[in-house]
Each structure stands twice: as structure tokens, then as C-alpha cells.
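Input: structures, listed below.
Presented sequentially are two complexes of subunit A, the first with subunit B as partner and the second with subunit C.
What follows is the complex of A and B.
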């Protein structure tokens, strides 16, 4: 797994700084390890193979969504419709799988449709923001309302179950290992391949200085649209993980996840202004949110205080993430 | 001709024309939509949004990617604080106002300190604060029964006060005049534009940028608190997360008012029209007989379409 950062010159002195520059997700990794240790201290059981697998399969959707968000943030944009895209793909694949009988072919066909749907949502966002030149925050909020409307049209009320084949596979084991580990490995491979593509470098160049990128001859509008398309793709993957975890369709399920995905990107050490991002950091950022939530639970916080303590902890980690990230970039 | 065109391109004029068009459309879709009673009801709803948008407006004007995502949380918090402090008694209105303003200013102060002293981007800081506020709501709601609005407050929001117009609309007009005066006629207002268009130049010219920015976040918190109080009067009792809807719609109202998200350009008069425009659009969608999915699709698409009328970004030039 390589961080998607462009090589920056001049080369700086100091071992730690060099390390941070090569692996900008290190602060996020330290936070994750610390949270794991705290979880273990409060409840040794929480570090068991079983609970870690459970944590991973629950938060895999948020991990995917955070990575989706990272690609648009790279180009200095933001996507407030990522959660709505997730909801739309979630209900669409559940309805399609049910309609096609719930067999193996139905599952694969529905997932292909889901990927195309996610890409389409991403391209719509890209056109609206990059080609029509609307402001990303408000424009993607408007598209999120539109996508939610489509999701409600596909499935007016939550509750249609996904076929057993789908969620049994996601929550089950393959060759003795939990299936979610294969998902993680596939994700790592995918991220590695993407980090080698020209597109990621182009996204970062656009995010770093749009005008300069344009003057270098980059097709800025096209690059930004591709960034949104990538975001749509990973939102669809997030929808698959969510469907595997919840085993049902819900047209409003993703709404609350959008802002968490933005938070995860920041927690991972990426700059929201663009030009400096790390997908591995975003993965760790999403895990941080999951670990904070489980830590607050295992600490024995009274139930009515849990949300408050979670909110406070995430605010503090967010601030730490911003400060550490700035240290690295300075 | 050019003068006419440039007049027509002014955001406030666009918003007013769109409002007139939407009222006409609403009236023809369901007769009675543009009647005096209905328009007053729309104005009450718009004033709630408009008051939140006033705070959002100054933050956005102040630039440096200024945005306040925590307003929704403050609105909810203020509604629940007010409900508990007054608990259905008119005598509790004044303490409730003071408590709400204090809470709004406090969370604004925290936002401002994070943004200035720690230089956390406003989006991140206020997003984190939103999480804290939502957690706080759960704590309060579990500990104390949510209170009721005092009859005096409900009357102020929903009943005619002077010339047949409810007090909250007068309050909104007063806030509009206050904002216009503050932004155009006071040093503080001019400094908002100064830090919004070029923070460094403003700093060099001796503007206390940090204190200004903290002040802006406190203003935003207090406006959200006032809106929360009025929202309690409108609905009678506070319920879960009443303020959430205001988070992004307040930003849209500001954008529809012609204020650029980049900061330093715009004003509040346009935002008032923007808030009204948004509320009328939602009003039309609730009167026409389509199901929720169609309503959301039309709403989203219309928002995009309306945004095209306003400032689009500049095309890239070599």
C-alpha cells in the first residue's frame, strides 16, 4: 500500500520528517494503535480475533466511503452526496437481486448494475461541479437530495431483505478466513493499482493548484469529473459492504455517513483543501471512528453520555489530525 | 439595454423575480397558495431559516472557507434549553432568551477559538462541534423531560402582532435592517468584507483578524440560538434534532442570496430573498400531489437549476 502523494522537492533533512513525508498516514496509524491498546485495556475481549473481524465488517462500508471521498478531496473538491449514492446503490442492488431470484448470477448481475449506477452518480456530480462550475458543497448537496429521491422511488420504505447468499458470503468464511479479510486484501490491491495510475497524480496536481495544472496542459474539467466518477465507484463498493453487513435495503441509510466520511478523510491526515491526500490514512481514519465508538462503549460510559463522549473524542482527534498533518506538510 | 441586463443579473433581483414566478406557479397549481394567509405562513417559516442564515452569512462573508455546520446543532440545543427554562410559563421567556444566547455564544466561541488559535479549517471544526452538540442533545433529553413553549412565545411566532403581521416577521425585518446597517455602515461590517476578500491585507492594515473571526462565529451561534427559540414557539415543544434541516439549507439560502462561498462579496438582503425562495419552493412541493420520492427529485433538480442562475465559477484561462 503506497500513499498517493506526489514527490515533493526539495528533499528535507531529518529522519522522522522524511518518514512522515513518505508515509503521511503515520499519525493516523499511531492513533489507531493507541485506540486498539485502550480498547484492549478496558476489555481484553475487544481485541479478540472475533470482535476485530466484527469491527472490520461493520466499518468496511465507512472505510470504502472515506476512500471515495479522498479521491474528490485530492482534487480540492468535496462530495456531500456520497452517502446518498451509497443509499441508492444499496436499495437498487437489493431490489434487483430480489427481482432476479437471489441466485449467484442475480447477485453478480446486480452488483455490476450497482457499480454502473455508482459511476453514473459520480459522473453527474462531476458534470455539475466541474463542467457547469457550481460550488461543490451546495451542488453535491442538491444532487444528494435528488439521489435520495431516486432511492425512495426504488424502495419507498426500508426493510426489503437482501438474499441470504449475499450476506452469508459477506459475513461468512472462505478457506478458513473471514470473507471481510478478502475484501480488505482486494481493496489494498485496488488502491495499490490506482496509486500507480496517472489519474491519481493528475487529481493531486489539480487539487494543489488548479490554475497551474491547467497551464501545464491538464484537462482540469475532465480530471475532476473522473475524480467524482472514482468517488461514485467506491461509494458503490461501500454500498456492497453495507448491504452485506445489514442484509437489507434502506433508502436513507447513507445520509448520516457522508459527514463521517469527510471526518475520516481529515482524521487520516489529508488536507481538505486538496493536493495532499492519503487513502491509507482515510482507511485508518474510518477505523478510528469505529474504534472510538467501541472504546466509549467498553469504557462503560452511561448510555446517554455515549454520543457526547464519542462526539467530543472525534472532535479532539480531528483537531489532532489537522495539527499533525500541518506539521508534516510544513 | 446593458444597464437593464446588469440590473436583471443582480442576485437580489434574480431572487425576487424567481419568488414572484414561484408564487404565480404555486397559485396556478393550487388556488389559494398565494393568499395573504398562506404567504404569512410561508414568511414565518422563512424567517426561521433566514435568522439562521444571517449567522451563516457573516461567517461566509468572512472568508477563509468560512462555513458553520454546527448551526443545526445549536438550533436544536437552544430549542430544548428554552423549553426547559420557560416550561410553559411566560415569566420564563426572558431567562430563556438569555440562556439560549449564552449557549449559542459559548459554542460559537469554541468554534472561533479552534478556527483561529489552532487554525482548524472551519468545515472540520464545526463538523466536529456538530457531533458534540448532537451528543449533548441526547444527554439533555434523557435527563430532563423536554419542556413546552410559553404561550407568549407561541403567540409571538404564530399570532398577528402589529398590522396583522406576527412578531417573528417583524423580528426578521429588524434583523435585516440591523444586518444591512452593520455590514454597510459600521467599521465592524467593513472589516468583515476586508478579511473576507484578503485576510493578509486586512491584517497588515491593522484589522484584528483573529478577534473578528471569533466574533463572527459567536454571532452565528447567537443567531442560531434565536432561531431555535423561535422554532420552539412555532412547534410548541422541542423534539429530536429539530435543527438538523437548517445546516445545509442555511448555506443554500446564502448562496441563493448572491453571497459567494469564497467570501468578501454579498450581503444579507439577498440572503433574506434566498431563504424565502427556498421556503416557497418547498411549500409548492408539499402542496402538489406527488409522493415523497418525486418531491425530493424535483427539489434537488430545481436547486441545481436555480444555482445555474447565480454565480458560476470562472472558466479556466491560460
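What follows is the complex of A and C.
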């Protein structure tokens, strides 16, 4: 790039721009608050402690999946197999827990296997996309079919129940607080730790400009594979939350969640092109989707119109958030 | 013993030889200047040393030991740091992160050691304290910086490698005087440390100010190494140009200046926009007007702006006597303006589609075609393709099956079905082989003879000298000199491009 053709962005001392640069999830946060208010207006009951806990435990899986997606999007990649990975881990741990007797040791053993399985799926994606240089969208779409195939082999029909110990813990309370709050706290800690890793900085640098990162001497292929591995890890965590919520195995459960996770990433304020992402935003983006769904329900939309309204609402939120962000950052 | 030695290093991209033979010796404690015209292979040479381009042949020795540089990472490990001309920065990362990106300080195996990172970056930011300009801070995102400030970050990043061999590929092109002075002070310090430094610049005064020796590259070959203290700028330019430098561009090749009494094809009056300012000129019907000068001095920006693909802030363009303000390329095409870019991948080729679809889009637009029969289109496409001697198996083959030169011929052919009034050529021969170039210029001259007004920007000076009736030399976004008639010599062109820079 030659200097005269570089368009220089004017440096604006505008506080709003600075705020957005430091906290890119702010628009998403405002939208979540607005949706909470709307929910409360239509049905005051929906803001009760009980319903909010329920909302959180239902959408925790999507939150995890959106975060998983965020790490690959950081590097400018995408993972269309995240949902299939979730399904595979879901059926695998349910089968393992059942086989091993459903006790405490079985649950922990199965979860460890689940994490390894998620990581393996991620590494496969990473190798296919980064090392073999296949198009991320198509390659991960293909692996998603493959992972679904394996999931169907592990559990051909949905419905095997998870052991009571597992879902009672997830849906229950610990020391007077709902267990899902502990999950959220653990997630927050995890995200904080990950945000300080060298890997995340490298992922973002790769997403910013892959050629520049390569010329800088970053191990671009390895970094991207690690990004996919991270995605696999969080997909496995998403599977745990989902299993806790549905209390059963379903080999096809995650398929439709994949694109929701991509939507949540964008709703949260990340750039799909990479280099500019926010995990907190993705968390809020997933909550936005959950709140839209519950709003549609509380508004008393007739069931045949629910998809219509849902789609429209997500579109509106997307426009509001993305346009506002673009105007300030441009 | 020299710090770095290159023996017969070469690199080809397909049919084009980017570097025919590179021989170079860098001593400890010297600033070694590389000089050569546009596209002579300087940047390729640098990238080979820095590992981002793999050489096809030759030998690289560091401290007398033969080494293999397998990539940028390996170059770094062997003690080579580089400033990339096109910069290697992450726009959404902060200044300090960019400076340390190659080797992020780590604690507990996984985590970025922020205090260490800040401290290390601060050392290099401190070097430019006072000249780095408003809004330059360690935490600022690089995307928010001005062009010169970004260039400073790339310099700091190269310095932070603390490598014994440092390469600076046009590090000063956007810097102001004070910044350049500070940078040269730093370079002098590095020289005293015994580092070996490769330095590329197009400003003669800078080269004499900082350089110890100069190696001249011409047409991908290192010609000669001289001590700068024992030579003068004119001699250096003469070497860059080669033996034939003083002769006017061969008269036989340049078309006669006779036939364009028919009036102006296009008039540009005090045009300003992003990357250029106050540009005025007139192209007569039948004239080929060359735009010359170093890379990126506003030539492409002007052409793209005329075509409606860039921004115009003030000024006026007329085609014939009608006011012409293209708001978009679509608009420009409708008004009889054609644009061929050297960047085929971005601006020309419809990748993966058949040749016939690549020849006809302009025809669709200009004739407002809705439904077309392939046979009818074929009758229109074939003469255009044949005029260019395009080699292809059938119209239905995908365009990607052709060589770069033939792809470019297809792109040009699309403008020939419905003749435009003005043809804008933006470095049209970039990366195509010699015979295709010859075909292309034969056609361009034919078009000029038919009465088109043609604007030609080329990064290869020989093409301008051989084909243009007049040459406007661009510098820093405006026209600094016009070369006509006997003045069109290689020497004058180089001098106008370099001297004023």
C-alpha cells in the first residue's frame, strides 16, 4: 500500500467513539436492557428472579456456543460445525454417563471425554481450514455433516435421558443460589483469563490482516488451528449446558443453533471479517436472541406468526446495533 | 566478513522474472542503499531476505554461513528485521501491541505480560517522542493513526526486533522532515552498534545523507555497488537508466503528434480528491497521454476518480465539451469512459465465469440488454477478441483457464464492442508477459489512431516513453513536470520523478 492511497481516518476526540473502542459491546448491552424493559412491560412476571434464572439456564448453551464462534471469528474464520460438535458431545456424554452407571465419577469422566471430543472436533476443523486451506464456510459445513453422522451413529434416536444427578445439579441450587449462576461466574472468570492470553491477541492480529501477521512472523496456521480448538472446547461446554437443560441426548439438537451463534456474534458487536471481536458482546448477543424469543411469547403472538415476528425482531435489533456502531466508529 | 551476502538470488512469478539475479553484500555498521526504478526488483529482494518470499535459486549467507530462510519466523530467528513498504500492521490492535506483536512477552506460558509489553514498547515509542504528532499514544489503535504515524509504528516494530540485520523498504515516504531527521539519528546509532542496514528510498537527498554504499538494480538484476562518497546523483541515475539513458525515447515507437487536431477528448480542470490535488490536463482525440512518476504519487487515484470509483472534492471533468461527473463507474461507462486496471483480480476478471461473460458486461450495460442469444453475442465478441490476438480454446471456457496476459486481453476486449471516447489505463500490463504487452500496445496505438483519447499510467517507464505523446510526471499527488517531444528521455523522467521527491 502506498502512502498517498491510504485514507486517513480523522482522529476524533469524541468520547463516544473512545467508549465504543474500549467497550465494543455497549450497543448490545443497551439492546439487552431495552428488551428486558419490553419484556417487563408485556408481562411483569417475566422479570421475576425465577423467570430470569430459567432464561439463563435455557440460553446458557447458546451463550457458550456464541463465545465458541467468537474465537474463530476473531481470526477471520467461521465454524459452521459448532452446532454439530455440540450435538456430538451431547449424545456422547449422555451415552457414556448411562454406560458408566450415572454416578458422580461417571458424570465427571464423561465430561472429561466430552471436552476432549470437542477439542478433537475443533482441531479437525482447524487442520482442514488452516493447514489444508479449504474455504472455512464450506469446509466446516462439510465437517458439520460428518460430525452429525457420527452423532447419529452414537445415538440413532433422540431421547436417551441423562442421569438425574447431572440435570438436577444444573437445574438446581447450590448454597441457596441457582447453579447456573455459578456457571455464569465460572464463564466470566474463564473469559477474563482467555482475554489475557497471547493466543487471543494473535488470533485478533491474524483476523486483522492475515498477510501482515504472516510477514510479522506469527505462526498463522497454528494460531488458526488453536482458534478452532478453542471453539471446539467452548462447543463442548455448550453441550454440557444443553444436556443439563434438556436432560437428554439428541443427535440433531445443535444443528439449528449454529447460525444463531453466528447471529449472536454479530449482534454483540463483533466484525464477522475478523480482527475486532468481543466475547462479552457475544454473550449479550445470545441473551438478545433469548429475550426476543421470550418477548414474542409474552406478547401473545399466535403460534403461526411466531417465526415471522422473531425474524423481524432480530433483523430490527441487528440494524439498530450495527448501524449505531458503524456510525460512531466510521 | 560481510554480515549478509546474497549470491545469484532469483525469483519468478509465472512468466515474469521479478528478480533475475541478486548479488548483494552488507557489511556490519553500514547503511546500504538499494536503488532502482519501479518494478526493478528491490522489494522482491528485501522480501526474499525477510523470508516472506521464497527464492527460486541462489544462496544466502549470514556471517559467512549459508542459511535457509524458510519463512518470516525463521528470518527473525536468524536475526533479520524488516520494515515492509506496504506495512504489516494490525489496524485494530494498539500501537504497543503492534510493536511487540512478533514476540509478545509471555508469563505463565499462556498470558501476555502486559507490564513487560508496555515497557518494551515504550522504549521504541520514546525514540520518536516529540515528532510522532497529535493523537499518538501507546494505547491508540493503529487504524486511528495518520499515514505517517502508521509508518512510524512500522519503523518501531522493525527496530523492536533488535535484529543485527535491518531492512527498511521505503520507510520515509510519508514522513515529514523532523520525523526523517529523528529516524536518521536512530539509524546512525544503529550503525555505531555494528548493525547491517538495507535502506530503500526514492529521495536522493536522503540517500546521500544516510547511505554509505549503494547497489543499483535494473530490470531485476543488481548492476553495480558504489561508495556514495565517491559518486554523484547523476551518475547513479545514469546507472539506473542503463546505457541508452540520454537518447530520446525511440522516435519510431512513439506515435506521431500530428493527428490530434480534432479537439479535446477529455479535459480535466483543477481536479482534487483523495490522494491527488489540483490536477489539470487535456487529452486530445487520438492522443496517448502518459502519467509517470514513482509508484502511488496519485496517478491511479486520478484515473479511478475520473472513472467514478474514487472521490473528487473539487474541479471539473469534461468529455468533449460536455460536463462529465461520474458518480459511479456505471455512470462513467454510460458516458463513454473506459477503465482498465492492472489489478485484474480486483477490478477486471469475473472469476470462474466463461470468457464470453467476461467480454460482454460492458455491452450489456451500454445497450441495456435484457435477454441475449449466445450466437448473437459471439458475433460481437469474436472480432474484439481477435483484434487482440487473444488465445483461447472456446468462449465457454472459464477465464481462469487463461494466462494473465490473455485474461487482460479479454478485459480490454470488453471495451471494444462499443467504442468508448476515453480510455483510462491504470498500469494495464502489470504482471503480463512481453508478447502480450506488445499486442496490447499495438492495439492501444490503433485505438488512438481511431480517435480515442487515452490516458496511460504505467509503472514501467519504458512503456510510457515508447507509447505516450506527452508524459505528466506526478509527485506527491500533483503534476510537477510535463515532458513533450525531445524531452521524453529516460533520464528526464527519472530526474523529474526522483529529484523533486
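One rule holds in what follows: the second predicted complex is superposed on the first by the 315 of 330 C-alpha atoms of A that agree within 3 Å, B and C clash if a C-alpha of one lies under 4 Å from a C-alpha of the other, contacts with A are read in each partner's own complex, and residues count from 1 in each chain.
Just so it is clear, a contact is a pair of C-beta atoms (placed from the backbone, for glycine too) under 8 Å apart; a residue touches a chain by one contact, two chains touch by 3 or more.
These numbers were taken from a predicted model, which means no experiment stands behind them.
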**Fill in**
Larger residue footprint on subunit A, choosing between subunit B and subunit C, goes to B
**Asked** Looking at the overlay, does A:152 come into contact with subunit B only (first), subunit C only (second), both, or neither?
**Response** first
**Message:** Going by the contact rule set out at the top, does A:73 touch subunit B (first), subunit C (second), both, or neither?
**Reply:** neither
**Message:** Going by the contact rule set out at the top, does A:86 touch subunit B (first), subunit C (second), both, or neither?
**Reply:** neither
**Request:** For A:216, decide between first (touching subunit B), second (touching subunit C), both and neither.
**Result:** second
**Message:** According to the stated criteria, A:263 is in contact with first (subunit B), second (subunit C), both, or neither; which is it?
**Reply:** first
**subunit B/subunit C common contact set on subunit A** = 211, 214-215
**Fill in**
subunit A residues touching subunit C in their complex are 1-9, 11, 21, 193, 196-199, 201-202, 204-205, 208-209, 211-219, 275-276
**Item:** Contacting residues of subunit C [partner subunit A, same complex]
**Value:** 50, 52, 71-73, 75-76, 82, 84-93, 97, 101-102, 104, 106, 110-112, 114, 134-135, 141, 143-148, 150-151, 157, 173-174, 274-276, 295-298, 300-301, 476-477
**Complete:** Touching subunit B in the complex, subunit A uses residues 80, 128, 132-135, 137-139, 141-153, 156, 210-211, 214-215, 220-221, 259, 262-263, 266, 272-273, 303-312, 314-315, 318-319, 322-323, 326
**Message:** Quick check on the complex: what are the subunit B residues that touch subunit A?
**Reply:** 65, 67, 69, 114, 118-121, 123-125, 127-136, 138-139, 141-143, 248, 251-252, 255, 261, 291-301, 303-304, 307-308, 312-316, 318
